[in-house]
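Order of writing sets the labels: A, B, C and D. Residues in every chain begin at 1.
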Amino acid sequence: MTLTLQQTQTILSAALDHAKQTDMKPVSIVVLDARGALKGAISMDGTSLKRASIATGKANGAISLGMGSRSLFKRAKEQAFFIAAATEAIGGSLVPVPGGVLIRDGAGEILGAVGISGCTSENDEAAAMAGIKAAGLNSDPGQD
Amino acid sequence: MTLTLQQTQTILSAALDHAKQTDMKPVSIVVLDARGALKGAISMDGTSLKRASIATGKANGAISLGMGSRSLFKRAKEQAFFIAAATEAIGGSLVPVPGGVLIRDGAGEILGAVGISGCTSENDEAAAMAGIKAAGLNSDPGQD
Amino acid sequence: MTLTLQQTQTILSAALDHAKQTDMKPVSIVVLDARGALKGAISMDGTSLKRASIATGKANGAISLGMGSRSLFKRAKEQAFFIAAATEAIGGSLVPVPGGVLIRDGAGEILGAVGISGCTSENDEAAAMAGIKAAGLNSDPGQD
Amino acid sequence: MTLTLQQTQTILSAALDHAKQTDMKPVSIVVLDARGALKGAISMDGTSLKRASIATGKANGAISLGMGSRSLFKRAKEQAFFIAAATEAIGGSLVPVPGGVLIRDGAGEILGAVGISGCTSENDEAAAMAGIKAAGLNSDPGQD
């Protein structure tokens, strides 16, 4: 199964609504598909310069290692050297704080990942999960 | 003036509609703001792996040098070495073919750039211009 | 609002005067605009080889993440892995010690950032703030 | 001999005046010292996003290879592969078009380089030479 354009539009729109309704600070929302390719993105007005890059790093870390970025956060606190090495090894960005959430279908297969950055990590993650839920898919934010 | 979330949503949606209605091959559409930051993006189903990266490179080249990527295409044919050097100098991607279109307001100020990739360069550019027009803004695709 | 040439000249000149009058060691002063683009710079005689690069990294970190580098300093002491990851994610330098100060206008909007390096971090920061104040703008150095 | 702060300020200010008085398009002016370190810079209002990076690349190419960028332009047209290889070898940017001018003292010693970008290459170069002349130093723009 593949993450579709329509699912991506629903994720972006619902995550954005969640952010607005809960008065989150301006966030960037990035959706990567199962290949790690950019499927969709939107940035609220007022984001800082590299906010979308941080969001991309959360999603990219999650999809690259097959675990929500909350798990990478735990790993970073225990073994920072692994995260540094993994970042180099994957040849791309990996931001190991909550807010990079895997998208899974009903069978548990990974369809992609959502990364959000700009507010607290907890809020970023909640918005990502709200977007994924609205598309009828399952969230895997990782574990502490 | 700043490229807004709402303008970006209109650009993405109208460019996507244009691509569908004209039976374009699957494209990625990327919108950067005046800072070169990712403001929005959407990829149709069936894009090749790095299509969004190519679209980003078209938009990034345009916003970095302040000219539509059609002008960079002309320069590349005349002085390929300049394009290679500029790519290194800007520290990011620069794809010098049509389809990277500057977004200007009524006063001519640059608000951002749209990059599209996946179909012919001509069609990619036309879709970008359709998106920008729908948002009531002006397109600057560059010149041959 | 945009950081102007004239404001930049005032910032550079006043920060330089501050550094001289307080007998600071030779510093480099770098001003980036809201896009992260180099708006102005000056290095005193006797700076070490890469001093301007460190100053750039302070300003670039601040403008990229939308917070003064003193806040990044705090984050670095708490979660060094985040700073390492963010550096990779933003695709540029990020020096998380005091001396990278956001420039805000009266409405709180970010206009750019000043980075200074060469003396103590405290003195570097004070010089940046003196420069920004002379231009009639507001400093945001971040928080411990 | 070393390029001084005062000479740098004169170069920046005189090059800027030249650009304004001859109605040049918005340019970025970058001054590197003999070590290739950033000694000073200023960008006019309205420069495109990466204009200062292009200016830096002109000056860096000149100081790296010890010849004005007009000589590098000639070389690029004859042997593009050399310029590409040199760019990689120097580990930094090198923009091989006119406008990167060596600063020499009366004895011919290289004190630094000025790079300007934003208008035509010819005008960029003329402004750099006007700045260097105002500081009582000699220009070496390279040869066709």
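As a convention for this text, a residue touches a chain if its C-beta (ideal position, glycine included) is under 8 Å from a C-beta of that chain, and two chains touch if they have at least 3 such contacts.
Owing to the predicted nature of the structure, the values given are computational and were not obtained by experimental measurement.
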Message = Please compute the angle of the rotation superposing subunit B on subunit D (C-alpha atoms), rounded to a multiple of 5 degrees.
response = 85
Request  = Provide the C-alpha centroid distance between subunit A and subunit C, rounded to the nearest whole angstrom.
outcome  = 30
Remark   = Cα centre of subunit A to Cα centre of subunit B, whole Å, reads 25
Remark   = Touching at least 2 other chains, the residues of subunit A are 47, 49-51, 53, 56
Task = Would you mind giving me the full set of chain pairs in touch?
result = A-B, A-C, B-C, B-D, C-D
Remark   = As the complex stands, subunit A meets subunit B at residues 2, 4-5, 8-9, 28, 30, 33, 35, 37-45, 47, 49-53, 56
Remark   = The residues of subunit B that touch subunit C in their complex are 34-36, 91-92
Message = Residue numbers of subunit A touching subunit C in their complex, please.
response = 47-51, 53-54, 56-57, 61, 76-77, 80, 83-84, 87, 93-97
Message = Taking the touch rule as given, give the residues of subunit C at its contact with subunit A in the complex, in rising order.
response = 34-36, 63-67, 79-82, 84-86, 88-91, 110
